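Chain naming follows the written order as A, B, C and D, and within any one chain the residues start at number 1.
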Amino acid sequence: MTSLFERLKTAAADAWQAYTHHEFINQLEAGTLPQAAFRHYLVQDYLFLLQFSRAYALAAYKGQTFADVAKGQAGLLASLEESELHVRLCAEWGISREEMAATPEHPATVAYTRYVLDTGMRGDLLDLHVALSPCVVGYSEIGKRLAPAIQQQPDHPYAEWISEYASEEVQQLAAEAIGYIDHLGERFLSEARFENLAQIFATATRMETAFWQMGLDLGQE
Amino acid sequence: MTSLFERLKTAAADAWQAYTHHEFINQLEAGTLPQAAFRHYLVQDYLFLLQFSRAYALAAYKGQTFADVAKGQAGLLASLEESELHVRLCAEWGISREEMAATPEHPATVAYTRYVLDTGMRGDLLDLHVALSPCVVGYSEIGKRLAPAIQQQPDHPYAEWISEYASEEVQQLAAEAIGYIDHLGERFLSEARFENLAQIFATATRMETAFWQMGLDLGQE
Amino acid sequence: MTSLFERLKTAAADAWQAYTHHEFINQLEAGTLPQAAFRHYLVQDYLFLLQFSRAYALAAYKGQTFADVAKGQAGLLASLEESELHVRLCAEWGISREEMAATPEHPATVAYTRYVLDTGMRGDLLDLHVALSPCVVGYSEIGKRLAPAIQQQPDHPYAEWISEYASEEVQQLAAEAIGYIDHLGERFLSEARFENLAQIFATATRMETAFWQMGLDLGQE
Amino acid sequence: MTSLFERLKTAAADAWQAYTHHEFINQLEAGTLPQAAFRHYLVQDYLFLLQFSRAYALAAYKGQTFADVAKGQAGLLASLEESELHVRLCAEWGISREEMAATPEHPATVAYTRYVLDTGMRGDLLDLHVALSPCVVGYSEIGKRLAPAIQQQPDHPYAEWISEYASEEVQQLAAEAIGYIDHLGERFLSEARFENLAQIFATATRMETAFWQMGLDLGQE
């Protein structure tokens, strides 16, 4: 049976393609992405993760049962842990935690993160997780597709990033996110809502695309 | 066709009966309700209206379209106007605005108002309006049922209160609220949600019952 | 220096006394509290903990920094773990998780929990933690004061409950909560806010008192 | 005495200059702004107003008193009325309400609007109104500064827009917004908060700048 996530992706096929095959990703795959672009991306992604951890906290707040709250708590904990991984990755690139925390958020960072938070607060758990899904699932799709690039080129400059998102753990988290959206769909989805959910999904996907574009643009300055 | 509101009322038939036929209302109808009970009720109802106006503001915040926001705005304006009517009614009973504002909220006041606000914030517009409906529709039902009492007894001590809630305007607002829940149901209701909505409706109804009981209890102190 | 918590407690001295020396607690200390009262309390406290875990999730959502979010996450995790402890304690009293989850929330449970959640959502982190504090700190005060009762009476019927809240761990959590309110006060407190915070604290304390009273009342039915 | 708004503007002087003297505004003043740029701006501004009306609804929800709620209600009503004015202005440019409602929100529109909404929900009334102020006050500053341009050039292509924001009514609303922030400052401001408020103000101002840039960019496509 087609998952709700697949239906949403199909409804936003062009936006999804633009996001997951963005020039930033193409250059990252080829190893030709300017390091300045990648560094700007890394710093903004740190600021992004703070807001994403708040989004998982919101998911816990929105829970109806202990199981819902515990699910949100797990996502919150995972995003806090991911931010620590991120700090270590950035340290290897010579970017300190203090430098990241002191960097102003770019409009593209603000756009996606606050869109997720506001969509989740305005709507219900299903709205929130649909808005989160382009990030969670998109990164896993990109990681999987780019994995061969680092097998062919062992000294690939972005090997660590690619291997992280190609990892079994990330693939597993994405599969769980897809399954959880189906679970929430069974509880909350009326067919009349689909169009609105598809709009949320498409908007969130477009905000991700703008996030890649920001990386490219800042890398050229 | 059965309205969604009717389905919810049927699912909570005992709670609805306990609320709309509470001893406070029976005594109010008979004109035997102690004035102290009525006065305590009036003061708490003023505190209640502040939170209810916030709930309609929340409905506007939760809107997806200008029409949704405007609908919330209309409810917000109406509840602010109702609070001014309330101030005038209380002035006739010798209760000043300052006295009311300085009175601590009773747990029963806190329970219903914050239940509505939290239910609406956690869930969606449908959850919010279902939680509001026992108040809006229940008062109109009670007003209509009690109207003969003041026709038979022109110097009924609670004539003004009864005539307000029996008024064409209040009956009309209740009919609109029922219609609006149907409208929201068409947009947001999945059958899987019904049980949860029924629980919200029943809980809100029980909180209204506790509010009447507070009036009786405080009147005996 | 006087902690902000002490200032709030002093400003609500009567309400604090009424809460921490409530008849429910006096009878619990003496071991004369009817078991039915205690059982009703236990069931409602389980429903209470679900909402409290949501309140800690809200604290994480409200965070401005990773440290704030992590602090909320720790509280959320602790409250989820406390609910599991609670399930085990209730099992010893023959009360199953299913029975608790199926019990309707009493108005007193709704009043305190939703007051905390709404106060926190309407205001800031300081408002939220002030509203949470009568629970966290009050239980530790009560536990400490009642500890001698179980030393003198080894077969005290409520030994397990008293020893839990008298435990070093709970005392430590309360001390941390007091310290955290000071920390938040340094960030967010203007003297103009004190009166409002004192009202929040007093209201939350009164809601706790109503929660004990609920236990007594239900135990007599 | 220096208003809190002036302090915030001074702390973000460069960002304020970049926003209020953006190339979009310079070209608009000179009448050389491409009509395509202005049209894209108008459409996005309509989508912007929907979210802004939600932000005023949030202000009403966040109120502590009837006066606070009524203040939010007035802002909500004004923003709904502004959206209707906007629809009429757009009709003159041949843009229908349906066309606007069907246009996807640009990331720059999402960024500013959701930043305001999330900042207000996370924080308190002061945070919310500080985040709203670059829009309310900035437009009035720009309108006033550009007013001579339409006096000198009666057939100025953007005369209607300039005259609207130069109007006495808009100048008055901005003065009230500045005064209201002072009022909120007296209630909620601790000096420890100033730095954070300044960051909110600067971020909101930068998001406004990105909104003008969006107009320029879309006009060139």
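Throughout what follows, contacts are C-beta pairs under 8 Å (C-beta built on N, C-alpha and C of every residue); 3 or more make two chains touch, one makes a residue touch a chain.
Since we're looking at a predicted model, the values are computed, not measured.
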Superposition rotation for chain A onto chain B, Cα-based, multiple of 5°: 180
Classification of the chain A:chain C interface as same or different, half of numbers criterion: same
Relative to chain C, chain with the most remote C-alpha centre: D
Between chain B and chain A, distance of the C-alpha-averaged centres to the nearest whole Å: 43
Approximate Å spacing (C-alpha centroids) for the pair chain B, chain D: 37
Length of the line joining the C-alpha centres of chain B and chain C, rounded to whole Å: 30
Junction residues of chain D, two or more chains touched: 54, 61, 121-122
Arrangement of touching chains [line / ring / star / complete / other]: complete
Residues on chain C engaged by chain A in the complex (per definition of touch): 50, 53-54, 57-61, 63, 65-66, 69-70, 72-73, 76-77, 80, 83, 101
Residues of chain B touching chain A in the complex: 61-62, 64, 121-124, 127, 186-190, 192-193, 196
Complex interface listing, chain D residues touching chain A: 54, 104-105, 107-108, 110-112, 114-115, 117-118, 121-122, 202-203, 206-207, 210
